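Paired with chain B in one complex and with chain C in the other, chain A is shared by the two complexes that follow.
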Partner chain A sequence: MRKTLSFGFLASLVALVVCVLAGTGPALAQEAAGFGPAPVLTAADYPTVAGVNGRLVIWIVAQLHLWFAAFVLAVPIFVFIIEAIGMRTRDKRYDDMAYEFIKVSITAYSITAILGGLLLFSLILFYPHLFGYLSTIFSKSMFYYALLFFGESAVLYLYYYGWHWLQGDLRKWIHLSLGLLLNAIGTTLMLLANAWLTFMMSPAGVDPAGVFNGNEWEAIHNFLWNPINIHRFVANIAYGGSIVGAYAAFKFLTARTSQEKAHYDWMGYNANFIAICALLPLPFAGYYLAAEIYAYSQQMGITLMGGIFAWLFIIQAVLIGALFLSANYYLWCGMGRSDGARRYYWAIKYIAIVLIGAFLVWFTPHTLVLTNSELKSLGGPHHSILGPLGIMPAKNTAVNLMIIFTFLSFLIYRRSNKVATVSWEGMGNTLQVALFTAGILNILFLGIYHGYFTNTVYKVAASIPQVLTTFVVIVVSLVLDSFIYRGARDVGPLHWGRIPDRAQYALFLLAVAFTWLMGLMGYIRSGIRQHWHVVDIMRDNSPNAFTPTLGYAANVVSVAAVIFLTLVIFVFWIAKVSSVKTLPAGYWKE
Partner chain B sequence: MRLPRLLQAALVLVGVYLGFIVVFDYMLEAVIPGSLLTMYMFFVTVGVFMVFTYDEERTRELVAPIKAMVENPIYRGARNTVFIVIPLLVGYGVYSRTLPSFEAPVELRTIHPAPPSTAKIYGERVNLLTLENPFRHYQTDDPEIFAEYVQEGAAVYIENCQYCHGDKLDGKGPYAEGLNPTPLNFQDIGTIAQLQESYLYWRIATGGPGLPKEAAPWISSMPVWQEFLTEEEIWKVILFLYDYTGHAPRSWGEAHDAGGH
Partner chain C sequence: MRQFLSVIAFMLIVIGSFSAYSNLGIPQIEPAPPPTEEVIDLGSMDMGQFLALGDRIFNGKGTCTLCHNSLGRAPMLDQIGSNAQARLDDARYAGSATDIEGYLRESLTDPSAYVVAGFGKAGTNDTESPMPGTESGSIALSGPELAAVLAFLQDNGGLEVTVEIPTDMGDEATDENAAEPGEPRAPFTSFQDLSDEFACEACHTIGEEAGDLGPNLSAIGATRDRDYIRRALLDPNAEIAEGFEEGMMPDDLGTQLYATELELLIDHLSQLK
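Our next item is the complex of A and B:
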């Protein structure tokens, strides 16, 4: 662990030095002369280094950096929460779990830093003018970013290595505050980096020629900054949950004793819980982001959802569906931990039917792939039944139903080990059924009526009451259940560890699907700029400034995902190795 | 007697498959595309697998016949048949997929390519991001004048467009059958109802040849109307398209007015 520590510091040191040299240097020079317009480049302005394809390098390195960063930023968020829960309940298992999570992320942290340094070097090497331009505008935030990185490392190491030292009343509070500080710094780092990339999509604080007005805050607070911030924040938590879930699954499958199995089963359950909690609001954050992109520029919006990238959205839809399915499957498998689960098994079939049905609608493409004979028989590319399923109102309705039914899986999971003792249980259950029925009918009504019988303003607007309905159903139902099960009796102890291995593969699938999804969507987000470095302001004139075919893009993302997952397995393995001791008999002199 | 679970699973799958075919191809008379059916069936299979295996006991029951067939010597005959038939089926599948055919390759066609942010229309560069229909405001300001403009738009449409797009605006004009891609159906919720008026203006004025490069292959027969109609006629025909179909052009609520450049 000592090694990785110094690596992390080294990388951030390098990042700082490079930033100061390459970033703020020209910026200061610029400031004296006033800001110039965005450089107009020719193909000769893009150096070739060692014959490699610069775009590909940036693409893969940035993606790897982002994956690790997302993980490393997310873990402290829920470690903080779990530690707090442990402090409240005084249940040491939570504290141990939180520690184990942070232990996994510590190696990942140094890899993040190294990849960040690599990304910076690659940008300077392959796109010096773009980097120069951005760094004149973001000179201050880049400088503070590098400084904050030091802070982040220091606090993280204190938080991790001080875990066992800072135990007990006051010390525990100090430790928890360190966790809060860590999160504050981490989130600030993300917000700054988000500002740079959203500036490239929706530039602000510059005139049409790219001349900067000197107000850095305006450039940071550009049109798409907050939509991206929200989306990334929520997605990071879901992603972090899925990766530690995969860690727990890995440990579960390799566990030797039943205690170990029980421990990692419990950990996997918690990780999956975190992932689902963050997954449920995620489609809305995504929808909000897409709507804002559309609002900012119809051109980008159509490229995104209706144009060449639309096909990647089908893959995206399929992967999101896979996330929902594997999360549900994991919950169903987990019901076997309780002896009382059998009472609810009948419901699973129906949940599955709705989930799959909604999922099919969710990924039905707007433009169908048709063979010529199908084209002839339909009389054109338009399909009277499937066509309407391809547009947003249908998707929104489907995803709301998927969310409500995933929640239902969770509800029966919670109930499976409990027997209510209140006298009005029957009435309470009737209320629950009525609540769900009303909610589902409302979502269907909003989707069908507003989606197909009014104009687009309402179409967009209808998605909001739909979300609210889902939200109300979830909250009211949770409250109701907590009353129904007040003073409830347990069926028996929960058998942690009694779960089929298949469920662990569902956790792996969750992590892999998430990784791939982020890669593909990240490519789309960046790709809709098309031939612009900074949209409408700085043109990308490098030979690589074309939109690659979908197959090529998907391959690049897949290769990157494989590299990432290999590194993750390495991280898991290292976490395991660090606790293994070999006794070399007769090696050391006595 | 309860059916063995493996048979149950198989019956569900076959039932759903036939259900899709019967409902789409026969009852609704709109074939379900093979590519989509494959995707649908894949996930239905996943769903069936999930429901049949979330619990150890059920899983054991599900795979019991398979285990028995592989392990129990009594079923040797069945086992050998299965082990021969399945690879043969897979082989046949691969063969028929790779066999060259006379069918033209499937094309992915994007119905709505992204418009450029500016376009040259009537010799002038117009900004499509901010362009608005100059007659739209009459809808609220002076409904009578508006109705007149819609009428004029209807005349333009009948004279120029209905041959392809149909007198009911449903994409079924007399020429439509002969064209590929077919003229779009404006009644459909997936076409003009999703678009801003500036988008239509661009598409009508520049037609098939004005389609952006990145959205190839483009073989659209849509004429370049700026060579035959005036700017006002195009805006009026757009009024008519929305008026007749009852759709409203895409627009953004108040909250979004802050957007754009």
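Our next item is the complex of A and C:
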């Protein structure tokens, strides 16, 4: 472990030095003459290094860095929460689980740093002018980023290595505060990095020629910064949960004792719970982001939602469908832990039918008639778009129903081991049924009315009341259920570990689908810039400025995902090896 | 170990099927390459060619059809003939145009000068247009390109075309050899001159010159016969080479070329093997 530690520091040191050299060098040169316009490049300005395709290198390295970063930023967030729960309930199992989570992320942390360094080098090597331009604008934030990275490392190591040392009343509080600090620094790091990439999408603080006005905050606080911040923050948590879930699943499958099995089953359950909690609001964060992109530039919005990228959302729908189905499947399998679950088994098949139906609606491109020739006949070579807005209401309806029914799965799961004792249980249940029915009908009505009986401009209008309905159903139902089950008695002890092996594969599917989905959405986020490094300001004139086909992008994502998973397996393996001791008989002098 | 391998296999299968679906389950659309500056030779252009140029830019580089299409995102421009005067007469009109040509130009260069009711950016109460300025930013039309689009808009909207063909490219060099408009030009006698005149190499790779908007013609004679090439030149949209866009290849060569020039092109191309 000490190796990892020095590795992490080394990587951040390198990153710092490179940042200072590359970032502030040109900045100093600029200072004298004020800021210049964005460079106008020709194909010759993009070095080829060792004959490799620069874009491909950046693409894969950035994606790997992002995956690891998302993971190591997310884990401390829920570790913090789990630790707090442990302190509150004084149930040591939580503390142990939190520790195990952070342990998994610690090796991943140094890999993140290394990949960050690699990304930086690749940018400087393959896109020196772009990096130079960005670093004149973001000189301060890049510098602070590097410094913060030190802070992050220091606090993380203290948090992890000090876990057992900082136990007991006051010390535990200190430890928890360290966790908070760790999250504050980690989130700040993410926000800074987000500023650089959103600047490339929606530049601010520069004039049309790209001359920087010197106000870095304006450039950071650009139009799409917060929408991306929110989306990434939520997605990271879901993602971190899913990766830890895969870890637990693997440990479960290879566990030797039933005690171990019970432990990892419990851990897998919690990780999945975290992933799902963050997954539920994610589509809304996504819609918000898309709406903001549209508001920033109609042109960019249409590029995003139309043309070839429209098909990307069909792939996305398939993947999200897979996520929801596997999460539900896992919950249903998990009901076997309780002896009381039998009472609810009948409901599962109906939930499954609705989920699959919603899934099909979601990914059937009914009004999306975009064959190649249709695309051409619609307009010029650029983007000839058919309105996915037209299918938005149907999709929105489907996704809201999926969320409601996933929530229902969860509700049933929660109930499965409980017997209510309040006198008005029957009435409570009637209320629940009424609530769900009303909510579902309202969502259907809104979707159908806005989707098919209003004109295009109003089609999206359904989404907000639909989302509100979903939220209301979830919140009211949770409150209601907590009253119905106040003072409820348990059917019996939960049998952790009593879950079929195939349920663990649902957790793997969750992790893999999430990884891949993030890669795909990374492609579109970057792809809507088209042939611009910085939209409308700095043109990409490299031979790689073209937008690749979806199939090509999918293959790149797949290759990157395989590399990522290989590294993750390495990380898990290291976490295991570090606790193995070999006694080499007769090797050392007695 | 067996568990380990089956987990790995499972993950690979999942990733593989995502990839397979993305490659096989959905149509593979080749996105258009980044736009390039049209090679325009104003000197030899007649109004028909000028309008065709406007048409091409409108449908291509200008990205106008992204919004101006039948999906209700922006006003339909084939009705501009009847609409434009109404805009100028509107009490809300505060721009500086006095005639229809001026209104069109202003719509392109300063879209927010007047915003058609109901089409403004959300929340701006029709004071700000979502349409990007076309002289800068991502569309960045040059002066002559803008004029060509204006002429096309007038023609397309059933208006009288009042826009004149600009006489020079602005700051770009003009072609000294170009004949005065109206005067019949002398036929070209070499392939290279023809290719330069009609900018074939702006779109096609022929030998050393590299253009990638159209198919590579360096060895076209190996796969295509003379009849095919003749058709490709005279009626390019009859058959579209795979992977390319319709409407890019000029479709008025038939009226532009002398018969000897056409034969010369066909001879030359069919010999490229």
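Everything below uses one rule, namely that the second predicted complex is superposed on the first by the 560 of 590 C-alpha atoms of A that agree within 3 Å, B and C clash if a C-alpha of one lies under 4 Å from a C-alpha of the other, contacts with A are read in each partner's own complex, and residues count from 1 in each chain.
Basically, contacts are C-beta pairs under 8 Å (C-beta built on N, C-alpha and C of every residue); 3 or more make two chains touch, one makes a residue touch a chain.
Not measured: the values here are computed from a predicted model.
Asker: Quick check for you: in the superposed arrangement, does A:Q299 touch first (chain B), second (chain C), both or neither?
Answerer: After superposition on chain A, A:Q299 lies in contact with both partners, chain B and chain C.
Asker: Applying the document's definition of touch, where does A:R502 land relative to chain B and chain C: first, second, both, or neither?
Answerer: first
Asker: Using the superposition on chain A described above, determine whether A:T547 touches chain B (first), chain C (second), both, or neither.
Answerer: both
Asker: Examine A:D536 and indicate which partner it touches, taking first as chain B and second as chain C; both and neither are also allowed.
Answerer: Both partners.
Asker: One more residue to check, A:G321. First (chain B), second (chain C), both or neither?
Answerer: first
Asker: Answer with first, second, both or neither: which of chain B and chain C does A:I356 touch in the superposed model?
Answerer: It touches chain B, and chain C stays clear.
Asker: Pick one for A:W311: touches chain B only (first), chain C only (second), both, or neither.
Answerer: In the superposition, A:W311 touches chain B and chain C alike.
Asker: Just to be sure I follow: which residues of chain A are touched by chain B in one complex and then by chain C in the other one?
Answerer: After superposing on chain A, chain A residues 295, 297-299, 302-303, 306-308, 311, 318, 370-372, 375, 377-387, 390, 455-457, 530, 536, 547 contact both chain B and chain C.
Asker: For chain A, which residues count as touching chain C in their complex?
Answerer: Those residues of chain A that touch chain C are 208, 250, 253-254, 295, 297-299, 302-303, 306-308, 311, 314-315, 318-319, 370-372, 375-387, 389-390, 455-457, 505, 508-509, 512-513, 516, 530-532, 535-536, 540, 545-551, 553-555, 557-558, 561-562, 565, 569.
Asker: Please give the residue numbers of chain C that touch chain A in the complex, ascending.
Answerer: Residues in contact with chain A: 3-4, 7-8, 10-12, 14-16, 18-19, 21-23, 25-35, 56, 58-67, 69, 71-73, 118, 121-122, 130-132, 136-138, 245-248.
Asker: Along chain A, where are the residues that touch chain B in the complex?
Answerer: Those in contact with chain B are residues 223, 292, 295-300, 302-303, 306-308, 310-311, 318, 321, 325, 328-329, 332-333, 335-336, 345, 348-349, 352-353, 355-356, 359-360, 363-375, 377-388, 390-391, 452, 454-457, 460-461, 500, 502, 530, 536, 547.
Asker: Please give the residue numbers of chain B that touch chain A in the complex, ascending.
Answerer: 24, 28, 30-36, 39-40, 43-44, 46-47, 50-51, 53-56, 59, 103-104, 106, 108-117, 128-129, 171-172, 176-177, 180-182, 184-185, 188-190, 193-194, 196, 198-199, 214-215, 247-253, 256, 258-261
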